[in-house]
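Two complexes come next, and they have one chain in common, subunit A, joined by subunit B in the first and subunit C in the second.
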Partner chain A sequence: MTRPQLLIFVLVVALLLALPLLGNNYVLRLATITLMYAVLTMAWNVVGGFAGYPLFGIAAFFGLGAYSGAVVQSSGFPIALAWIVAVVIGTAFAVVLGFILLRLRGHAFAIATLVIAEVLRELTNGWTSLTGGGMGLNLPFFGWSPTALAVFFFYVMLGLAAAAFVTTYIVAHNRLGFALNCIRQNEDAANIVGIDTTRYKIIAFTLSGAFAAAAGAVYASWTGYIEPTDVYDVLFSIKPIIMALLGGMGTVFGPIIGAVAFLALDELVWRNFLQLHTGVLGFLIVVLILFLPSGLSAFRISNLWRKAVSA
Partner chain B sequence: MTALLQLKNVSRSFGGVRAIHNVSLTLEPGQIVGLIGPNGAGKSTLVNIITGVHPASSGEILHKGEPIQRLKPFQISARGIARTFQVVQPFPAMTVVENVMAGAMFAAGIASMDDARRVAMEHLAFTGLAAFADRPAEQLTLAYRKRLELAKSLAMNPHILLLDEVNAGLNTTEVEQALELIRAIAARGISIVIIEHLLKVVTGLCSRIIVLHHGELIADDPAADVIRDPRVIEAYLGSRFAERQMVRP
Partner chain C sequence: MIFFQYLANGLILGGLYACIAAGFSLVWGVLSIINLLHGSFIVLGFYIAFFSYTVLGIHPFLSVITSAIVLGGIGYFVQLGLINRVITRSVLVTLILTFGLELMMNNAMLVSFSADYKKVLLAHPLGIAHLGNVFISLDRAASTVIAFLLILLLWLLLRLTSIGRAIVAVRFDREAAMLMGIDVNRTYAITFALGAAMAGAAGSLLSASFPVAPLSGPLFLSKAFVICVLGGVGSVPGAAVGGLAFGLLESFGAVLFGSEYALTLAFVVLIILLLVRPHGLLGVKGF
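Moving on to the complex of A and B:
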């Protein structure tokens, strides 16, 4: 990181840590959601950004994590154990799924991953004895004040986002990131220069799955009630992709910038155009991606200046 | 003594097409061997079989006496068998030095990225690409991209190098420069198998020439004998031309 980048980074972290001092639960809730999407986008970015595999299945891991955690927690176990179990299940599922799905490339991979969430949703729907089926699953009530809950889950999500960021940073700067970069650009050539492409792809896929599952488990505990159509919602697969596109795919800061930008736009548009909300939001995103194809993280004031001068 | 590389009755079919049929050959350390044959003879397929891209349907491939026909491409690279592609295969958006680093880090197993970069720079200097180190690979001209393939392969620290038409698409000057480079590589003690269409290049470089025709090995002799071999002339120019050649004293 360069010095200005580091300064901004420290400033943002300090502001985030101090955010609960505002005492505004609405802001805190918005921030927690943003952090959750930042985690999902960073999770997506490992496979979709670094390795360049069009992953459309974050919702599958998110939902699986949510239900794994919720089932454990509602059976009376402590919340921390529930989250750990969710991450373990999410990780194991990602290893097995990665081993099967990563033989596919391009569109076939995209469709296959898209279907996984639908299959899991149906399974969750049908397995009523364990998951409550379509009725959903209620999680035990904490008995804390709304403010205490909001602050607690904000810090948990912040911790998770920090872990995802550190992971992204480490991946981007070591052999794994280098190998994934090679795979994205030319997988056959990557194989020939001695990269065990299958192994590196499975590691990437597993990281994605683990973080998405963790986010799902925390989400379930936070909202206190989950149902299949909610946590396996295809939007949990799509939104992280749009956020990554918006922020900059395959970059370290892109996913966070994208998540913040998307949700800020979303909130702004929703407040001002209640009727046309999704339409306006969609239009703005298309315009942004058209004019900034490498994402907001590639945006430089100096570039703008150079363009203005040369025009 | 076990040969560096030995193929025993190797065959490969794609559906009903016999691309390679019953090919046996050995490669000794330090040799430069030319691999020639008309279009579609199976030259590139043979390289793909050796490097594990298209595994052999039957037969055995021994590297220093150990069978390698079941290994995956990345494992074969790590054993020191490197190749270049007929159609160059760079990582387009990565810089030239990063392309070479990939070979150093993975096939040659250099753990530290700084060390890999240092090694990569040495290979760039050797192949005359040092000035382009920080350019994206996609900006290089074809001749330089072919050199990049060579640099990348060398960074893999191979003792066998399979060159699939490294001179195709180059002009005369560029071919001369490429040949110098190949001789310099051979001088390092790396065994080279070179697929080539320009007979001048093959006879200039190789002491031994292998000829494939319809997937079968029809000649494996010293260079001077091969170009007079009637079967080889027939494969390239047809039987009538071969007969005419034979009638002459």
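Moving on to the complex of A and C:
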């Protein structure tokens, strides 16, 4: 990072840490959601951005993490254990799924990952004894004040986002990032020059799965109630992609910037067009894709942006 | 024999499924985009048939023509004006674009048609035929026959007309087709229009058999995914075979595993097929 970048970075982190001092729960909720999407987008970015694989299944890991954590937590175990179990299950699932799905490329990979979330949702719906099925799952109540809860989950999500960011940074400046870059540009060529593409792809996929599962588990504890159609919603797969496209795919800061920009827009739309919310959201997506194909970096002022984003 | 009943159910369902998937498969094969709008096109075709019947008294089978024309027109301009702008970019971009369009269309239908399920209740149904112990709803059987006629029509169009040949040429080699003087953008728009027209027709055909709500699109869409991969992407005869296979799979799968797992079973089959037979049951020669 260059010196001005570092300065901005430190400033943003300090502001975030001080945010609960505002005492405004609405702002805090918004910030927590933004951080959660930043985590999901960074998770997506490892496979979708660095390796260039069209991953449409972040919702599968998110939902799996949410349910694993919720089941453990509602059986009376401490919340930290619930989150750890969720991450372990998410990671294991990603390893297995990676072995199977990463042979596919392009459209086939996109479709296969898209339907994984649907499969998990149907299974969760059917396994009523464990998951509560379509009735959803209530998580034990904390007994804290709403403000204390809001602050607690804000800091947890901030910690998770920080971990995801550090991971992204390390991946980008490491052999793994280099290998993933090669895979994106030409996988066959990467294979020929001796990069173990399968191994790196699976590592990337596992990182994505682990972080998405962690975000899901924290989300479940935070909202206190989850149901299959909520946590396996296809929007959890699609929104991170849009955020990454917006901020800059395969970059270090892009996912965060994209998440903030998109959610600011999303919140404005929600507040003003309740009935037409999804329609306006769709319209925004169409406009973004057609008129801002290279994301916000199209607005770069003498290349400053690109430099800032690519760290 | 209950077995023959399931067989008949599966085959009749399969005809409708084939019609649902044929257009989707054509678009995926030729334009190499996964069109998430396809499900919403089917739902709109349904509503055209529904209101034609309840307001004007036109039989859904006749509305097939109206739906095909209306949806074909919509499809033509959506492709020409919007999707063609990003057609050469990655699957990420095109898929997200059609997702955005789908959100808009679903929201519009939700506001205009209200969220509840509707179904065309025919005043004079054709009744039920008994073949031994097998019962067959004649309306459903008729819609299956029409579905196969439509697929045959689409296949003949691709085989025999010059625009059909142009579509096939663009599918195999976009650049070479361009050099032969084919207007690729227009060919894309016509292909997309054909896909949308098939979706609209399918929506009208199933209006007397299935209840549909504005947000039913994704369900049809997910079935189209599986059928398309079953039959081979881009292949019209493949979609017919895939549709029948999927109809049977769903009919017998519901018996073996319970109907709540029908979709799960279908998706598991989809993933296995993608891995072991990516060109579908018929293989590449099926085009």
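As a convention for this text, the second predicted complex is superposed on the first by the 273 of 311 C-alpha atoms of A that agree within 3 Å, B and C clash if a C-alpha of one lies under 4 Å from a C-alpha of the other, contacts with A are read in each partner's own complex, and residues count from 1 in each chain.
The rule is simple: a residue touches a chain if its C-beta (ideal position, glycine included) is under 8 Å from a C-beta of that chain, and two chains touch if they have at least 3 such contacts.
On a predicted model such as this, the values are computed, not experimentally measured, just so you know.
Q: Look at A:Gly106 in the shared chain and tell me whether it touches subunit B only, subunit C only, both, or neither; answer first, second, both or neither.
A: Only subunit C; A:Gly106 stays clear of subunit B.
Q: Looking only at subunit A, is it subunit B or subunit C that touches more of its residues?
A: C
Q: Touching A:Asp188, do we find subunit B (first), subunit C (second), both, or neither?
A: In the superposition, A:Asp188 contacts subunit B only.
Q: Should A:Ala179 be classified as contacting the first partner (subunit B), the second (subunit C), both, or neither?
A: A:Ala179: touches subunit B, not subunit C.
Q: I'd like to know which partner A:Asp196 touches here: subunit B for first, subunit C for second, both or neither.
A: After superposing on A, A:Asp196 lies in contact with subunit B but is clear of subunit C.
Q: First (subunit B), second (subunit C), both or neither: which does A:Gly126 touch?
A: After superposing on A, A:Gly126 lies in contact with subunit C but is clear of subunit B.
Q: May I ask you to decide whether A:Leu290 touches subunit B, subunit C, both, or neither, giving the answer as first, second, both or neither?
A: Only subunit C is touched by A:Leu290; subunit B is not.
Q: Which stretch or stretches of subunit A touch subunit C in the complex?
A: Against subunit C, subunit A makes touches at 48, 54, 56, 100-101, 103-104, 106-108, 110-112, 114-116, 118-119, 122-123, 125-126, 234, 238, 241-242, 245, 275-286, 288-290, 293.
Q: Quick check: in the complex, which residue numbers of subunit B touch subunit A?
A: 51, 53, 72-74, 77-78, 83, 85, 89-94, 98, 101-103, 105-109, 113, 152, 156
Q: State the interface residues of subunit C toward subunit A in the complex, per the touch definition above.
A: 28, 32, 34, 82, 85-86, 89-93, 95-97, 99-108, 111, 218, 222, 225, 229, 233, 260-261, 263-264, 267-268, 270-271, 274-275, 278
Q: Going by the contact rule at the top, pick out the subunit A residues touching subunit B in the complex.
A: Residue list for subunit A touching subunit B: 174-175, 178-179, 181-182, 185-186, 188-197.
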